[in-house]
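Look at the two complexes coming up: chain A is in both, with chain B in one and chain C in the other.
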Partner chain A sequence: MPKERRRLRRAVTGWAFAAPFTVLFVVFSALPVVAALAMSLTDLRSTDLRNPFAVDFVGLDNYTRLVGDELFVKAAGNTLIFVVVGVPLTMAVALASATGLNSGLLRFKALFRVGFYLPAVTSIVAIAVIWRFLLDPEAGLLNNLLGLVGVDGPNWLGDTSTALPSLIVMSAWRNFGFLMIVFLAGLQGIPVDLYEAATIDGAGRWQQFRGITLPLLRPTLLFGAVVTGIGYLQLFEEPFVMTRGGPLSSTLSVSYHIYNQFGFGNYGYAAAASYVLFVAIVGLSVLQFRLLGTRGDS
Partner chain B sequence: MTRHRRLATVVAIAAAMALAAGCGRDSGGEQDTAKAVGAGKATGEITVWAMGTEGEKLAEFAKGFTAENPDAKVTVTAVPWDAAHQKIAGAIAARQTPDVSMIGTTYQGEFAKTGALDPTPADLFAKDSYFPGAWDSTVVDGTAYGVPWYVETRGIYYRKDLAAKAGITAAPKTWDELKAMAKALQTKAGAKWGINLQPGKTGSWQSVMPFAWSNGATITDGDKFTFDSPAMTEALAYYQSFFTEKLAPTFLPEGQLEPDFVAGRIGAFMSGPWHVGILKDQGGAGFADKFTVAPMPVKQTGTSFIGGSNIAVFKDAKNRDSAWKFIQWLSKPDVQVKWYQTVSDLPAVQSAWTDPALSGDAILSTFGAQLKDAKAPPAIPTWEQVSAAFDSEVEKLAVAGQDPATTAKAIESKATAIGTGS
Partner chain C sequence: MTRDRVARVALYAVLVLGLLVVVGPFLWMVLSSLKPEAEIRSVPPTWWPDTLTLGNYRDLFARLDFPRYFFNSALVAALVTAGNLLFCSALGYALAKLRFPGRRALFLVVLGMLMVPGMATFVPQFVLISNMGLANSYAGLVLPFLAGPFGVFLMRQFLLGIPDDLLEAARVDGAGEWRIFLRIVLPLCKPALATLAILTFLASWNNFLWPLVVATTEDKYTLPVALALYSVGQNQIYYGLLLAGAVVVVLPVLIVFLVLQRHFLRGIATTGLK
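Now for the complex of A and B:
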């Protein structure tokens, strides 16, 4: 049957083209993901390295243990705060600066664009060093400025109540540049005649922003929210280089906790925690699509 | 298409579960016994992994060994400390280990439990020639794996000149005297802080456990943790009192200790031998006369912490006998002294300390004497995790003012939840 054969041939050709990606994906992505899932159902520890299959199947034990793990619960809370406060903050700052740059409020546009984007391309290690200087309780710029107006600044990174907020502000500063560029592109895609029409109808700047900019920017905002949300849920670098999760675990994130658990050699347990984080990320993305996605008017 | 994908996922998961379910732990219990090492000189290539400075300097140093054993060749791979645990763990999983590796004392329990380390042949190494605390750190479930290579311990550094100003002429010998000295340094000698003790964070157990050990507290009894004891609570209360009485800072930025000590803002601190060099560098000319080191103050005993590193042979070693001979050479007293002169690692072999290179130095002699009464935590695979829990409770104790008895109970319950990994 020539038709059948032709179909087979096409399938083989198709798979041949797809093979390089498929093989890489299966070996380095799919397999580890499945292996990690299997691992999360066992009590595999680093002491089992020589005989990784000689472990016990423990079912969902690791997952139930997570719920009772004081540190995991604390880390989940910290991460939640970081996302709930950090994502809107970063997006608001990015949107404000993008709108400012787009509407010509600022002169030296190119300079500001580069300036705002620089943190996004700077190494986190360099940023950490600078911010630790800035936030130093004795010699830091911030507390010295506060001192000028007679305020005795706190020990930002050393105090349980200010450490996480400090990291949120730092992350917003570090990440808004990328979103700003994305939003700027989105803004430039909005036809100018809409604004002209609105101006003729007597709409003010704020009304234009709410009536034209926000609705038309919705897909861009959704993209920004999803990307930032995924990134922030995996919070790791900032506490790792700035606070080591301290003081008193007030900046411990879920990813950091997983990292620690892998370090302690609790492979099965850490894999379970990773899966919980994975599900949380999927959940957050779905939620954002629901909230910000197109509402049947596309 | 979707049905295919779903099917594939189901199959993969089922296969993985079957694999996981089909295998189980064997009950274990088999005792490792050391095999004898053949006589004669070492031959062939001996591959060695070492971390940090040791890794950089060992290749050159090993030429002394190959001069005595012309048929042998020592190949050293320097491994950065950050990557060491990962690299060794990976090598064990792949059964591609070197013949010999330096093993951090905190890795010992974990790697010995994997069954990857070769038991120490008793005919080559005499247990008594090492510091007892150091030897204990190689023993897992009653069997020694590897030998101590170098050691370090903790003492109390203090400013002699400031102490004299405060009317203190002798080193503090008891807990009360240490407290009194910290107070005097602060009130009479103008130090902002009488003493610096680590207020939690990674490794603070190394500062707390010496006080606990000195008070007779223990970490384990068999497979059970024994953190929740009156002796531990009392030691924690003593440790906490330095913070509640504002004698010690609850927060000190990294790198601030040394300049503050040099400037006299901190009168004393607890640390190991490496600080001698740092202080001499930072203090400049003449500062060496202004400070000294006191051994741990006595309660029931004056026990300190013993750290350092072990060196071991892997079961999968290709050149096992020669590997052990290389370690035997490293353990010779005169080689240990030469190694000290090369990288400042303190000898783990007791008889090396009679060498004038070590016994001639007052501060080193203090550390040398302290090493005879110094303990290491039990070599259990979960120690890193237990100690991290310990550290976070110490932080609550020192910084947040958590009650000592509550702290001891919390450490005990967290440690028990983690288990001894046996």
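Now for the complex of A and C:
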């Protein structure tokens, strides 16, 4: 059967191209996702690696322990605040700068675009080092600038009330440029005649922004919110470098807690915490598709 | 007219101020890294260094092992990039242009993995790498990143835009699939490959969690790991040294970004908005 043979040959060729990636991908990416779930149901510790028979199945114990773990609850709360405050702040700055750059009366647009995007390509660790210096209570640039206008700046990273807000502002600073580029692309997709028609009807700039820009940009905004939210849920480098999660755990994040538990050798427990984070991230993505889907139909 | 002009001046003022806030910290980092520690800590601070010195950099490269970390970062990023170019373009081609059973399912699984954060998988990955005897090795640093879902997505999207007729013509001429892939498909994919190479190299260069977990002795540290551990490991902070270290991490990236910015922006356009 020549037709059968041709089909077989096609399958072989296709999989020959797909195989190298697939093997690496399955072993090092896909299986670990399943393994993390399995591990989270055991009491695996670092000392058990050479002795797998010492590992016991403990059911959902790790998950119930998480709920009672004060540090985890604290970390979850901090992470939630970081996301709930950080995402809208980053979006607002990004949208404002995108609208500004798109308003058409501007030269040097490329310069602003590149400048604002700059922090997004650089290492978070390096940025955390720079900001730790900027926020230093004595030697830091910020408090010295505040001193010029007679304000006595606080110890930003050393005070429980200002440490997390400092990290939020810094993250908005680093990430708004990426969103701005995304929003700019969205803005350029809105037909100009809509604005022209609105102007003829006597609508002001603000009315046009609320009546045309915001509704038409909705999918882009939603995409931006989800991507930023997913990133912020994984907050790790900033507290690691700048505060070590302190003071008094006020900047401890879920990721940092997972890393610490891993460092203590509690692999099963760390895997359970990481699965909770994973589910939160998947939930956020599903929410995006839901929201986009329903709006797209109507 | 005059109202428009006022609006324009205000807009410029706000944007220039914004640019200063965004770019300023980088300039401040470079300037401060060229000052001796005492001057860095002087109140009020000096803008331009009173004593211009390369002492921090000398310490970084002579006393600490930064040449080593730089080499490690570059090696790991180069290997990861090479792997992704090869494996992602092959799979991207298969998904876009070849029909084979399981194609759709494979694509969906790869796409789904785009959502999975490194935080969710690093524990089992570490157990796996340890059991393979690859903890604290270059292979251990590189292997989990050789085949990333992002590259497949990027290459497939790009290849969907290449007309089938071109490939059919080659097939009619009797060229095999490998020949078509190497001689026709890859050359056509140059723009997408360039974008993928830059973004992958950058992601690897900045990657933190995995090298932090896998590299347990200093000779395997990458730059961000070394910088972060020096930053938290000291009892007294030496800002000069840390800022010089940050310059070494950031400067190559900034230069590449400024030279090749359109590739970055295209990467966002492809992945962000499809």
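The rule is simple: the second predicted complex is superposed on the first by the 255 of 298 C-alpha atoms of A that agree within 3 Å, B and C clash if a C-alpha of one lies under 4 Å from a C-alpha of the other, contacts with A are read in each partner's own complex, and residues count from 1 in each chain.
Following the convention adopted for this analysis, a contact is a pair of C-beta atoms (placed from the backbone, for glycine too) under 8 Å apart; a residue touches a chain by one contact, two chains touch by 3 or more.
None of the values given here were measured: they were computed from a predicted structure.
Clashing of chain B with chain C is the outcome of superposition onto chain A. When the two structures are aligned on the shared chain, A:Gly147 is found in touch with chain C, with no touch to chain B.
Of the two partner chains, both chain B and chain C are touched by A:Ala35.
Once chain A of one complex is fitted onto chain A of the other, the partner contacts of A:Leu277 are limited to chain C, with no touch recorded for chain B.
Using the contact criterion defined above for the overlaid structures, shared-chain residue A:Phe289 touches neither chain B nor chain C, since it reaches no partner. The wider contact with chain A, measured as residues touched, comes from C rather than the other of chain B and chain C. In the superposition on chain A, contact of A:Gly186 is made with chain C only, not with chain B. Once the two complexes are laid over each other on the shared chain, residue contacts for A:Arg244 go to chain B and to chain C alike. In the superposed model, A:Phe57 makes contact with chain B only, not with chain C.
Contact with both chain B and chain C is seen for A:Leu49 once the two complexes are overlaid on the shared chain.
Within the three-chain overlay, chain B meets chain C in a clash at only one of the listed stretches 77-85, 185-193 or 275-283, and that stretch is 77-85. Overlap of the chain B and chain C interfaces on chain A: residues 30, 35, 49, 136, 138, 244. By the touch criterion stated above, chain A contacts chain B in their complex at residues 30, 34-35, 37-38, 41-42, 45-57, 136-138, 155, 158, 160, 244, 246-249, 260, 263-266. Taken together, the chain B residues at the contact with chain A in this complex read 12-13, 16-17, 19-21, 23-26, 85, 89, 92-93, 95, 110, 113-116, 200-202, 251, 253, 381-382, 384-385, 388, 392, 395-396, 399-400, 421.
Residue ranges on chain A touching chain C, taken from their complex, read 10-11, 13-15, 17-18, 20-22, 24-25, 27-33, 35-36, 39, 44, 49, 97, 100-101, 103, 105-106, 111-119, 121-134, 136, 138-139, 141, 144, 147, 173, 177-178, 181-182, 185-186, 220, 223, 227, 230, 233-234, 236-237, 240-241, 244, 255, 258-259, 262, 267, 270-271, 274-275, 277-278, 281-282, 285. Note for the complex: chain C touches chain A at residues 4, 7-8, 11-12, 14-15, 18-19, 21-23, 25-26, 28-29, 32, 40-45, 83, 86-88, 90-91, 93-95, 98-103, 106, 109-110, 113, 115-128, 130-131, 143-144, 146-147, 149, 152, 177, 181, 202, 205-206, 208-209, 213, 223-224, 227-228, 231-232, 237, 239, 242-243, 245-246, 249-250, 253-254, 257-258, 261, 264-265, 268-269, 272-273.
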